[in-house]
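Lettered A, B and C in written order, each chain numbered from 1.
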Amino acid sequence: MWRYAAGRLLTALPVLLIVSLLSFGIVWIVPGDVAAEMAGPTATADEVERLRERLGLTKPWQEQIVGWYSALAQGDLGESILLRQGVGAAIVERLPVTLSLTFTALAIALVIGTALGVLAAVRAGQAADRAAMGTALIGFSLPDFWLGLVFVYLFAVVLGWLPTGGYVPFTEDPLGWAQAMILPAGTLALSQMGLFARMTRASMLEVLRQDYVRTARAKGMPGWIVVGKHALRNALIPVVTVAGIACGVLLGGAVVIESVFSLPGVGRLIVGAIQRRDYPVIQGGLLMTATIFVLVNLAVDLLYAALDPRIRHGRR
Amino acid sequence: MAGAERRQRPPGALARLLAHPSFRWGLLLFGVVALCGLLAAWLAPYDPLRNNFRTRFQPPSELFWFGTDRFGRDILSRTLFGIQVSLRIGLGVALLTAVIGGAIGAVAGFWARADGPIMRVMDALMAFPAVLLAIALAAALGPSELNVIVALSIAYVPRTARVMRAGVLVVREFPFVEGARAIGASPARVLLRHVLPNAMAPLVVQQTYVFALAVLAEAVLSFLGVGPPPPTPTLGGVIADGRDFIQEAPWISITPGVVIALVVLGLNLMGDGLRDALDPRLRTAIR
Amino acid sequence: MLTRRDLGLAAGTAALLPLAKPALAQGARGSVVMAQQAQPPSLDAQVTSAQASRNINLHVYETLFARDEAGNPQPDLAEGVDISADGLTYRFGLRDARFHNGKRMTSADVKASLLRYGRVGASAFIMQPVEAIDTPDAKTVVVRLKNPSPGFIAGISSPRAPCAIIPEEETGKEASKIEVIGTGPFRFVEYRPDSHVKLSRFGDYVQNTKYQGMDGFAGRKVANVEDILIRFVPEAGARTAGLQTGEMHILEAIAVPAAQRLRNDRTLVMHEMMPWSFQTLMLNHAMAPMNNPVFRRALQAALDLEEVMAISTDGLYRMLHGWQHPGTTYFAGDVGKPLYNINNKDRARALLRESGYRNEEIIMLGDSSFSNHQATIVTAAEQLKSIGVNVRTVITDWPTAFSQRNQRTGWHMWALMLGIEPYEGPYGVVGFFGGNAPVQHVRDEVIDDCQRRLNTSLAEADRKKAVSDFQARMYDQAIAIKCGDVGIVQATRAQVRDYKPYRIPRMWGITLS
């Protein structure tokens, strides 16, 4: 197990190095710079050129890449040009929002998705199966940001049940946090919910065919105990492994959902930085999200290996 | 020898495909919407670019079945032409990633020495959320339909490469591949003639889903202002046109959103059918 | 000649009033929530001309002079100014003021702030005529100019990129790197990017006792609310919804269709402002065929500006040719009017033929960050297409569009809304088209001459003539195209009392019931 873990960790290192290079490089192909944003829409060419010099945007890239890596080595992601704070601090400040959103969505997707999947598997071939799978399919066919717009209109404006957007920290007001999260997380959960439902159904069907399940049934054990106790536990293993990938997908989806619901998360931070050319934030933000993704998948792989010894041997 | 293994594939794959209910429904759904898009020039009641300030924000009526936008343009006409653009982008991304990702994946899967470095780069690309990567690339490349295709292709190439690599890894262990090697066929020939044709099925299935993902992603990019440039009618662009008026003129955003959902639903259904028909083992492996 | 009287000043400058006790805003209470689309690119008032920053900064910082309700300069941190007969020496007396860090404002702070503005200020050119700044005592600042510069007070009183007075200790810092410390009625508390800025009432604020009430950005500023939360909400629909549900009290701007829908809602008040800004189409004279005035005139003749305005403003517009707002000092009457909104396709086609246009591609540049810019370009492009111009619309995000239009190549036409500049008066507007780097990329000697006369003539009549000549030239040569005047609707909940709409939503003077 340790050898597997070490090997897996070793492959993650070059990935992180490439990630850091890509993060640094991407801003060099984006036209325009932050001076245009800072000076304001009606600034003249003169005004902006002066500001560019003052902001140090005229330094050559060699100088900047050395600065980037030497700062990185000290765990420093640099300073945002527009936000009055360090990039690291900006990301740390927003992580709770994005993680709240992502993990709430993940939880919703897992719970409802597996429930739909189990229902479909147990009633395989029947109307309930088709209804559950149809729901799952529609779930990941809808454009989520569009659904978000419709939900805001419906639940916040027409019905007045929930706020239109914004974030309330859990530590300040758990109820407010839940109210603020339910629409965005629910919207975001839809696509992954469908995925989990399908995964659960498929692996559940496989498990239900296994001998030990049939034996348990033959012994006269009630159906829900067979399903709940024996089948589901085994069927969930592959589902858990995709949770890592789902995490990445959700982080990506959070980007646009955060805009629709005015949530100050990491996704909106990076999109805003791209739109306004706040280079240090683009670079640091991309690096951080990619690193989180790599680490989550590393953790999931190790967890999976621990659960299923076959994985440790042989090629992935 | 290639012939021998080809016979392994059950005959009448197409017939089996058409018999598959998911595929049939998917094809029907996708086909109807795609046909509407293809025939947009004949079906659309108005020029999708024609502004008319006297008909701004018209609700659905006999004249404008799905209403008009802030420019007084007909939503139905814009949606129909938008289907064309979305399908071009989806198809473009599906083909481009198939070629590039397929090649990368095949090389990585076939030559063990190339595997490590190639897949580390793919892992690195995949570590960025695809949408975020596409937004950055689209902003960098500038707004055009082609650049959207390129940006999305770069974002989705790792998925395709992974699927292809997995397929090649399996197929290269098959007896007939060993056989071809034994009689001295060159590696390139073995890869192209024997391995690839048999590793294609998962790719075809995957690309159906990539098509669907690209249609959704175009909408996101247009929504964030980095899609094909206005006034090009795109489904995402029409949603974006209506975003500021969702209470006053909900018809602007609703119609294209529903159409996107139909296209994507159709593609996903087709993908499911393809998956079952081409390779039942894939049932849980992808998507 | 510009004298004190011209500026509407009454009091002498040297009088040192005892530090006025802050007239306690009795029962200041409540927290008001304002929503705006964009975030401030900087909280350093001097460096940015962005509206998103202005909305916040003008509550925190103050300037020597500030614009009143009608847009004219009035003393704010200054008691007044004495201008020498030759127009070269400006003697400012300073009123009592206290910075948010507790320090009293002195002439040293003012001098250092003005000098910093000359280095980092967005409109640093207003400091160009300054030769030296002296501080004979703690309450007096004397500015000596190299040459007469009648626009000097207009410049330092402008809210565009305010020449804010900050503590001397901060003035050595680079653009955007200062602590947010001003003398305004509200002090800065926190900035949470993508979420909000929080300001709180400054308990030790020294009110300007010269005035009875609020007057533009000058006047007596009384803070009756304890906190201000300025929230950044990117979706217009979400802002409107927030106002309706009561999560937000004030919207900097509400979409016009939403304003029309909510007009009769008793819990809300819509405040329409007309004119708010100009919609313009800038032309790049460095790119053929735009270098040919005949071709430019063809475009001028072709455009149906009413359609452009109706679409880009969602119906809240006024068709007006002037490059200054009517009713202001420099409004040039009917000059150029016959060439405004001609909307004559036949004449346009004839001019197009005369210009020798050979179907060259015309690149029309817009940005997706400002929806009115995009709508203007898209609408104008369709119109030009219909007379046979080969147009290509390029819509990018703001920084790309901006860097593009600063190049001499790669674009022909660019949509820009000018809001604060025409409000400021003629200097900024004329400055756009004159000087070393005019927006059209090719200097026009007539406009340069108008700018020189405007900037240096001591007699108002001469300056007015200069602006009138400028406007004539703009139309005659089709230097750029003014589409019309744009209005805006600010929205408040009914519980916000005594709200007076202005260029930014002002939080002083209002109360929450």
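The rule is short, and it goes like this: a residue touches a chain if its C-beta (ideal position, glycine included) is under 8 Å from a C-beta of that chain, and two chains touch if they have at least 3 such contacts.
Everything quoted here is computed from the prediction, not taken from an experiment.
> Name the chain with the Cα centroid closest to the overall protein Cα centroid.
Located nearest the centre of all protein C-alpha atoms is chain A.
> Is the C-beta contact count larger for B-C or for A-B?
Most contacts of the two pairs: A-B.
> As a test of understanding: of all chains, whose mean C-alpha position lies farthest from that of chain B?
The most distant chain relative to chain B turns out to be C.
> Find the geometric centre of each of chain A and chain C from their Cα atoms only, then give the gap between the two centres in Å, rounded to an integer.
41
> In whole angstrom, how far does the Cα centroid of chain B sit from the Cα centroid of chain C?
46
> For chain A and chain B, what's the span in angstrom between their mean Cα positions?
21
> When you check chain C against every other chain, which residues touch at least two of them?
Each of 235, 237, 241, 369, 397, 400 in chain C touches at least two other chains.
> Residues touching two or more other chains, restricted to chain A: which are they?
Those would be 31, 149, 152-153, 157, 259, 275.
> Chain B: which residues touch two or more other chains?
Only 139, 142, 225, 243, 246-247 qualify.
> Under the definition above, what is the set of chain A residues touching chain C in their complex?
Listed in rising order, the residues are 31-34, 36-48, 50-51, 54-55, 80-85, 90, 93-94, 149, 152-153, 156-157, 160, 163-167, 259-265, 268-269, 272, 275-277.
> Under the touch definition given earlier, write down the residues of chain B that touch chain A in their complex.
116, 120-121, 123-132, 135-137, 139-142, 169, 212, 216, 219-220, 223-225, 236, 239, 243, 246-247, 250, 253-254, 257, 260-261, 264-265, 268-269, 272, 283-284, 287
> Which bits of chain A are touching chain B when the two form their complex?
11, 14-16, 18-19, 22, 26, 29-31, 137-138, 140-143, 145-147, 149-150, 152-153, 157, 195, 198-199, 202-203, 206, 238, 248-249, 251-253, 255-256, 259, 267, 270-271, 274-275, 282, 286, 289-291, 293-294, 315
> Please name which positions on chain B make contact with chain C in the complex.
49-51, 53, 56-57, 70-72, 139, 142-143, 225-226, 229-231, 243-249
> Using the touch definition up top, name the residues of chain C that touch chain A in the complex.
Touch list, chain C to chain A: 39, 41-43, 47-51, 53, 120, 122-125, 160-161, 174-176, 191-195, 231-235, 237-238, 241-242, 244-245, 247, 369-370, 397-404, 406, 416-421, 428, 431-432, 435-437, 439.
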